[in-house]
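Here the chain labels run A, B, C and D in written order, and each chain numbers its own residues starting at 1.
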């Protein structure tokens, strides 16, 4: 069995629902989504207009689910979805979109264009038109358990280092713990300080938590490449582990799409509501703050700003929590010109960072972020997504800027009040 | 065909056909969309779908400052011609009379000078929109035959109405006939094109707002 | 219909509805200038200019009434007045029912119609001669009878 | 109307003088005529000159399918007027309603006038001509059609008086049982002046006669064959109630506050905007008023097919048929159709779902 056009078309047919039909019926070709998309503003290429990226899905909707389209199809008037179209659209749908959803926020008729591009990817992938890089990452995620190929022994080693550094125990596979922490491969490989920080904060707050040795990977290449079956399989691993350990809440780490995958798509992918809650680490920390269980000391004097990871704020709903937490420790906090739900994407989300082919454009569109940063000239940037963080560092280096990137969780850990 | 015969046909069978096509077409399309249905969201909600959806229906009328700066022309011209169309369609005395005749109730009209001026402003705005459509590379790229057809059937009633009101060139009954004919063209084209956004945008905004609102984002 | 009832339906609209009043007055001034310079007379038919109710009255009251006022009696009355502005006349023709049938503004030394017409004078001349002859005959026969 | 065939050698000036009309009166008459015909006052001397020398034209007046309203309109203007003067100067040689003679004697008069003035007489027609069956309307056994065609041959010009003669009028109204047609439907090779209206304004008829007498040609006509001088502007354009239309002040019923205040009658079905006639300026009953001034909307009687224009009391912008009922049917039908299509769509989606083959990592490449 392999990918085929037929499977792709079938997948697109499955994706059309009343929201998609409303969206396509309402588009007036005003072009405002282009102005909201960094892949257009920084390249000036009209093909990268967000709504254009949904063309394969639009054609299926039109010819299969509208009376007039059906009539047109009978008369042979409708535009067909074929391999050539999908091949032509591959770079638009995967390389030129991070599913950041900024277009969805400005569309005057209210179209959730990002959702439609996400749906379009289902058809593209099923028809065999996903980028090599993403296919590789997805294959690794399924076979090895992590898109970066990180296996349990690697994490175990990092846990060892953390335990040694902090002198605290990192709970693993504790049945009945209240929280189960997920991690992204990037945190394990590039930012183990995160595990360190969480360990210290949780110890400080006195909460019971654990890491599952069977399902620690939070990322989900399935939702990036757009294969719900694979995404569901990856989510199911977490569900199984959480149920096995009987935890009340699963914590999504500082990773944007991981949060989208487990929090918002997860139950819909596996087809039933979770028996546990899902929270982002910042939501958990903000809860602790509200309950008075998170106490900090000292304020940062440098000028700080916060980069909203798209999947966590605009697409995820975690917008106020990080700001409450930053207020605890930042004395000079400045917002970027567009922030919160209107923030500009770093340019590497939605699988773009796993797709080597998109490296060049990813760095080109970083200009957008650079302009935003130039407007306020911060001393450091706080974020809450490892993927954003890596790409921001990459971009800043490319553009010769020297602004350090900070993790909000790690900063809070540094400012923890001594008991 | 004499002028009165022409006008009689336009006001009689022509309008009848156009109304049936419009009403039936719009209803079919809305039912068709709604019946496609949507899967229930199984994720734990962070906000209300209904109230967020309704809020977005209203709030999406006003763009945020950054978007306004980036798409100033589209927004300003769009606003002008939409308001102009709304006023000319719904606040010109003869139109109110027509609507009252069909739906059974009316409302006060605006002075004809106001309607006249707004019609002219709308025509200018629509012409500017067309120029923009061809001069802006994104719009030029997106533009297809349907966009031009819709532009034409939208500006045509404004122009023919303006000409009929000022009785330029032809006998007034012919001008009136041409005007109503152009409206009938608009009515017939309506359900088959993006003009449907008049109705579906409420659904689209609701869905968009509901999707965001469910996740706790005020879109 | 009473005057009041008629008034009810004769709606007077504010000044300058058609915006023709001012240009018309300028035209009159221009014509008067021409008349003084080269003797060219000019007649303006008030019916040929679109005027709203009330505007004609406004023009007439602006022109006012001057020294001459004449009344004709030819197929119904006609009124010929010189306005406050010498050389500018208003000629109004009525029919036998005293309804206005036409109204002109004339820029001239004297409207032609006021002048005695040659044809009428010729007729008058012969009529007068006939009358004299008849009178003479009557006088003669009377004298003869007296004798 | 007492002149008969012997008066045609006299000029108009001579006729007037013989009646004791002074030169000054004649000048006044010419001034009024110029004003009436919307000619520049500078032409008054030329008009006087031409009228002075004009021969009294022979006029043959034919009445077909008509109600005599047009003739009434002309003859009911009381008191001697300028219009009467004109009428007195023509030689009305045939008019079967007005003339004393009847039957064959009358027809003989017509034939005599046609022969005597061949090529020079004016033919006036009121009423439409039935084509469905010649028996529908005959005069002295002659069908209207035959009389029209026969008389038209020697006419210098034809004046179609009234909407029936001009455009078929009420006999022509749907379903037109007599197959009525207008003069211009039958005659293509003569100048025809349509003086439409039901009835037409008397001064318009005399104005047209005066113009013909003065210049020997017919006046400038609009696209419907009507003299521009009288039909050049719509009732709406010259209506004194127009400012209310512009301000959006309308009478909603015949007895509401708006009606009493003299507001615009558009909503009561006024056809002023599409009707071209001089009523608003020349007015009726010797200048007393015109329908709108009396509080009634214009019926549009000077326009072709005014009777079939969709109801006198229905505003122009309103459709002529019951839209609401059909719209409701259409909506109901559409809901049913929409549901049917929805069912098809659902079935299609279900098929797609059952055709779904689970995608695994081995399926990502072709």
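One rule holds for everything that comes next: a contact is a pair of C-beta atoms (placed from the backbone, for glycine too) under 8 Å apart; a residue touches a chain by one contact, two chains touch by 3 or more.
On a predicted model such as this, the values are computed, not experimentally measured, just so you know.
Participant: Can you figure out the chain closest to the middle, judged by Cα centres?
Facilitator: Central chain: B.
Participant: With respect to inter-chain C-beta contacts, which pair, C-D or A-D, contains the greater number?
Facilitator: Between the two chain pairs, C-D has more contacting C-beta pairs.
Participant: Rounded to the nearest whole Å, what is the centre-to-centre distance of chain C and chain D, using the mean of the C-alpha atoms as each centre?
Facilitator: Averaging C-alpha atoms per chain gives centres 34 Å apart.
Participant: Whole-Å distance, chain A centre to chain D centre, using C-alpha means?
Facilitator: 77
Participant: Report, in whole Å, the distance between the mean C-alpha point of chain B and the mean C-alpha point of chain C.
Facilitator: Inter-chain centre distance comes to 60 Å.
Participant: From the mean C-alpha coordinate of chain A to that of chain C, what's the distance rounded to whole Å?
Facilitator: 94
Participant: Multi-chain contacts in chain B: which residues touch at least two other chains?
Facilitator: Only 28-29, 32, 34-37 qualify.
Participant: On chain D, where are the residues touching two or more other chains?
Facilitator: Within chain D, the residues that touch at least two other chains are 337, 341, 345, 349.
Participant: Pairwise, which chains touch?
Facilitator: Pairs flagged as touching, ordered by label: A-B, A-D, B-D, C-D.
Participant: Considering only the defined contacts, which chain D positions touch chain C in the complex?
Facilitator: On the chain D side, the touching residues are 17, 21-25, 27-29, 31-32, 34-36, 38, 40-42, 44, 79-82, 85, 238, 240-241, 243-244, 260, 262, 281, 286-287, 293-295.
Participant: Quick one: which bits of chain B touch chain D in the complex? Just the residue numbers, please.
Facilitator: 2-5, 7-8, 11-13, 15-16, 19-20, 23-32, 34-37, 93-95, 97-98, 101-104, 108-113, 167, 171-173, 176, 180
Participant: So in the complex, which bits of chain C are touching chain D?
Facilitator: 8-11, 13, 17, 43-45, 47-48, 50, 52-53, 72, 74-75, 78, 91, 93, 95-97, 99-102, 104, 112-113, 117-120, 123
Participant: Which part of chain A faces chain B closely enough to touch in the complex?
Facilitator: 16-23, 25-32, 34-36, 40-41, 44, 46-47, 49, 51-52, 65-68, 104-112, 115, 263-268, 271-274, 277-278, 313-319, 337-338, 341-342
Participant: Once bound in the complex, which stretches of chain B touch chain A?
Facilitator: 28-29, 32-39, 41-44, 46-47, 56-57, 60-61, 63-64, 66-67, 70-71, 74-75, 78, 136-144, 147, 191-192, 194, 196-197, 200-201, 203-209, 211-212, 215-219
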